[in-house]
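Chain nomenclature is as follows: A, B, C and D, assigned in order of appearance, with residue numbering initiated at 1 for each chain independently.
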Amino acid sequence: MTIDVAVFGAGRIGKIHAANLAKQPGVRLKYVVDVNKEAAAALAALHGAQVADVEGALGDASIGATVVCSSTDTHADLILKSAAQKKHVFCEKPVDLTLERARACADAVAKAGVVCMIGFQRRFDPTFAALKARVEAGEIGDPEMLVITSRDPGAPPVEYIKHSGGIFKDMLIHDFDIFRWMLDDEADTLHATGSCLTDPAIGQAGDVDSTAVTIRTKRGRLCQINTTRRAAYGYDQRFELLGSQGMLQAGNVRPTEVTAYSKTAVSNDVPEAFFLERYRAAYALEIAHFFDAVQEGKPVRTTVADGLKALELAEAATRSWREGTIIKLGAA
Amino acid sequence: MTIDVAVFGAGRIGKIHAANLAKQPGVRLKYVVDVNKEAAAALAALHGAQVADVEGALGDASIGATVVCSSTDTHADLILKSAAQKKHVFCEKPVDLTLERARACADAVAKAGVVCMIGFQRRFDPTFAALKARVEAGEIGDPEMLVITSRDPGAPPVEYIKHSGGIFKDMLIHDFDIFRWMLDDEADTLHATGSCLTDPAIGQAGDVDSTAVTIRTKRGRLCQINTTRRAAYGYDQRFELLGSQGMLQAGNVRPTEVTAYSKTAVSNDVPEAFFLERYRAAYALEIAHFFDAVQEGKPVRTTVADGLKALELAEAATRSWREGTIIKLGAA
Amino acid sequence: MTIDVAVFGAGRIGKIHAANLAKQPGVRLKYVVDVNKEAAAALAALHGAQVADVEGALGDASIGATVVCSSTDTHADLILKSAAQKKHVFCEKPVDLTLERARACADAVAKAGVVCMIGFQRRFDPTFAALKARVEAGEIGDPEMLVITSRDPGAPPVEYIKHSGGIFKDMLIHDFDIFRWMLDDEADTLHATGSCLTDPAIGQAGDVDSTAVTIRTKRGRLCQINTTRRAAYGYDQRFELLGSQGMLQAGNVRPTEVTAYSKTAVSNDVPEAFFLERYRAAYALEIAHFFDAVQEGKPVRTTVADGLKALELAEAATRSWREGTIIKLGAA
Amino acid sequence: MTIDVAVFGAGRIGKIHAANLAKQPGVRLKYVVDVNKEAAAALAALHGAQVADVEGALGDASIGATVVCSSTDTHADLILKSAAQKKHVFCEKPVDLTLERARACADAVAKAGVVCMIGFQRRFDPTFAALKARVEAGEIGDPEMLVITSRDPGAPPVEYIKHSGGIFKDMLIHDFDIFRWMLDDEADTLHATGSCLTDPAIGQAGDVDSTAVTIRTKRGRLCQINTTRRAAYGYDQRFELLGSQGMLQAGNVRPTEVTAYSKTAVSNDVPEAFFLERYRAAYALEIAHFFDAVQEGKPVRTTVADGLKALELAEAATRSWREGTIIKLGAA
């Protein structure tokens, strides 16, 4: 049985998801929806799909699933509408910028009995997933400390930042998800601090560009996250997990394995440029995972509940930073 | 304009080329030909193509190009027949096990005016290609010494080895091509020696499994190649090029970037398992390159002349090893 | 002119300092003082020195300098007495477990006009010192974030821990010094948390074995320190400094550069076993630095003021952890 | 019992050996001998020794051992004279530039019953020695192939080269020793070729600066050695040994473990600058080994027989290169 799919959003990430789902056996891209009609038409043409509007796409009974990669402020609405029409839905992170609406989404998909997967693609990165599997196999015993380094090569436009919900919801939400996934544990207390070090305009927009977060979990494990919106040398996505029996590190991925010896240095490539390159394989694997889950009735790895939990941590971090306090998280 | 293609050979490498050409814009897989009808039918079905025999496929005027990945003994014949029908042809290495027939192929494609590309996929490996580009950009000055490490994880069945033309034609032909490509120079003298160290059956089949080749080029540069059919730790594909201004190394590619710290070691993944994994990207890029060349009338990176040159070196190496002599190569 | 020296403490670190100062031109080990007379005698014999008691050693007018490596509770007393006798003094960290007595030491050495150097040997580690020099040369622009990983291979006996002043004064004092040195900045706020994860006896002794500290500096820079008393894989001493123009990492040092390829992994040595091995060069360089400073009247790199500042941070961290608060540090 | 020692040669390597033996318990530097009287006096003064001439030093019955680090043409003579006086002798490589005189030395020390150790210091390098120990422990099974990379950062003066015996005796003699030591096997056939690529003056002096040597051992193992007198990026001393169960690599040693991330590269230090830095530990360990052997009557790791064997290979390589032939080595 073929699943017909509507993609909402024909931007950068929409194009990637469209190309990936087009390769999935038994999946067909039927509609592309975007307020930018030209972008929608171009993406639709590339995959032999049609342009539609939200109502048209969701009103078509043949549509089995939606893929939401439109702007953040439309996520919750499209999840609710998809659920209402009994469509399975894959939605980019975050579910919403407010916990209230995100919870409404969680309730709606539960009630509708549809699959709702949130796009925490990092969980599908081959390096991260291999590390997780090795932790689960007991290689390092019981986890004790997690250190996450998460640095972007450059900040988005300040206009974007103003409506992004701030660095904790916009950037660290991925790291909060990695934290929960890797430790299989929940936050008990959280401390966040930050600075505006790379561009004063970010500070004027009410945000920071450099952050340091510490989480102590319910089981007493420790996690530190360091983040910047602008690392001079590029995109840096690493973490390391210390356990009672050893330690595992997830390193960056390089475009090539060339090593150069000059008079002054022995050097390698800088890491993959940004998330589209670094997580190319992860994007393909998460879409495959979503449609496998839908087709075979299996649970998804990143649920709307995970989206909610990450958002709670982002809210706590924002509050900790703004108020200069240590936040006690609610019961798990 | 769409190019219709016939693929000869539905085995391991035929499947890869078929999948890659199917993704190429303006290229359509029309026929799959294989003496194993079931394999042909399965591959054809996967890509919406038809099963045909050699004559049927080549007799169809709509076919613009052939992709030859059948057994080595059929290569020359299929090149000649493709050329006779004015089809462009992509052919797996080697052109043939004899120089005479390989030269006949070179003549035929030249006369027919068709593109004939030989599948030296390593030239399309992102690491190798980046290294070559940096050499051409002058990063290490004038090349002086090249060291190639080329080790397979395990030998093919002895029955295959018996008809493979021997390790120099079967395995090192790739390394001879890399040598010519990286140094942009031709061999002046060649010395080869070898041993049967991993499996006596290989020696009984008249071959060796471990070889050491040294080439001195017309410009006096030096190249050493070390090869084994069975490296205990897996597939090992590295080389390093010393130049007057520095050195560049091409390293192995790892499945993941996980590093593990245990009580006794800090360890990483072993390299990608074998050529299908290691050169996955290279296979895709070489097929794209072939069809780009055909569609846009551009020269190909690995011509039938390259195939001939590599074969000459393989013959010289075989003779050097058998006779215990240093071989003087003909004028360039 | 030769400087005669008295060493207080003939234990593990006393032996190292004695051996290093014996190699220093113009420096002679005259006395070894230890409550353990046998240890004192053995060390004295090794270097042709004599055993003395504190009064004897300090009462000898020919003694120009003392090296204090006795137990922590004797440090302040020996600094005060050395200063009173106008002896220059090299003292192992920490100056004292209380800020009050440490300040008294600072006052005394200032008044006496003697050199007092504190044994923060990490500042003399070739890797750390090279990194610092590159930062000062402007290689990474303005520092933004510092991440320190500082893990011991195993905890000292619980009896020792009980009198150690706790993990922040005993272990992290080195990291607080590195923080100040690398950022050339002072703490504005500090948050520390910790857990007892490796041995319940440590918790019963009122301490933790795993800590996570975050410091925000007066200039808004961020620093995170993660520490454990027991890393399963050994001694781990790394840090990385992100700046506006790049990033520098200080890695671990390995006993050998052997790389092993097996069927399952490519592996290297674990880092040097513990501080005596890891900082072997640093210990030699710091003693040479001290005597150079004394002989040539130059300032020392790690003053008693540095010892005070590190102790202040250790006290703040202890308080932050105990009280669950964020500590605001005093004016710089 | 203290051994009094005479050092012949107060140059670069003489200074190193003198300093190392001065640290050896029970060993005293009594005489320094050098045709350059000032150099002899300076080195003697540094260690509280006296200047002597050859006869004076060897005529002193209290002298138990000599350390020969004078120019190559004096080695054999000083070994013979030392043996005649029943002195144990440590001699820098090579024993001599001619096999005949080297054999005379071997005979003389055997007859005299003195220890004669040749300065193949690489066997004492911690990385190389650790690798050897792991091979002997069976970690990689039976050795199959050895690849040695041995590159100097720059050539000595052409005047030196003219009297050096050529690159094979001057430089590769170390590599030939490593080959024999690592494989625990002897050469059956040898092929050498070379070029003058870095400085025409070297060619005019009748030598080459770049070489490629292949050895097939009596047991059929393969070894390739690549060498240059001038690697643009510095001193490069690596080898790798493939065995039936795995592979071990010996890598270069770096001055520091700093890693730098810039916009264009992730880079590390170039290797230690030259042999004095790279083999600092090895020089100390070989001198300790020699005096341990002398004091405890144990065999030395690098005998005059090893010196002879390496010289035989160097002669064979020179002949192979000059005559363009493959050399068959004599029975082991």
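Operating definition for what follows: a residue touches a chain if its C-beta (ideal position, glycine included) is under 8 Å from a C-beta of that chain, and two chains touch if they have at least 3 such contacts.
Only a predicted model underlies this, so the values are computations on that prediction, with no experimental measurement involved.
Visitor: Contact counts by the stated rule: is the higher one at B-C or A-C?
Guide: A-C
Visitor: Computing the C-alpha centre of each chain, which chain sits at the greatest distance from chain D?
Guide: It is A whose centre lies farthest from that of chain D.
Visitor: Averaging over Cα atoms per chain, report the distance between chain A and chain C in Å.
Guide: The computed centroid separation for chain A versus chain C comes out at 42 Å.
Visitor: State, to the nearest whole Å, the distance from the C-alpha centre of chain B to the C-alpha centre of chain C.
Guide: One centre to the other, that is 58 Å.
Visitor: Enumerate the residues of chain D that touch no fewer than two other chains.
Guide: 140, 232-233, 236, 245-247, 260-263
Visitor: What residues on chain A touch chain B, complex-wise?
Guide: Counting only chain A, the residues touching chain B are 126-127, 130-131, 134, 139-140, 245-253, 255-263.
Visitor: Contact residues on chain B for chain C in the complex?
Guide: 232-234, 236, 260-271
Visitor: Which of the residues in chain A end up touching chain C in this complex?
Guide: 140-142, 144-145, 147, 149, 151, 189, 191, 193-198, 210-212, 214, 216, 220-224, 226, 228, 231-233, 236, 242-247, 324-326
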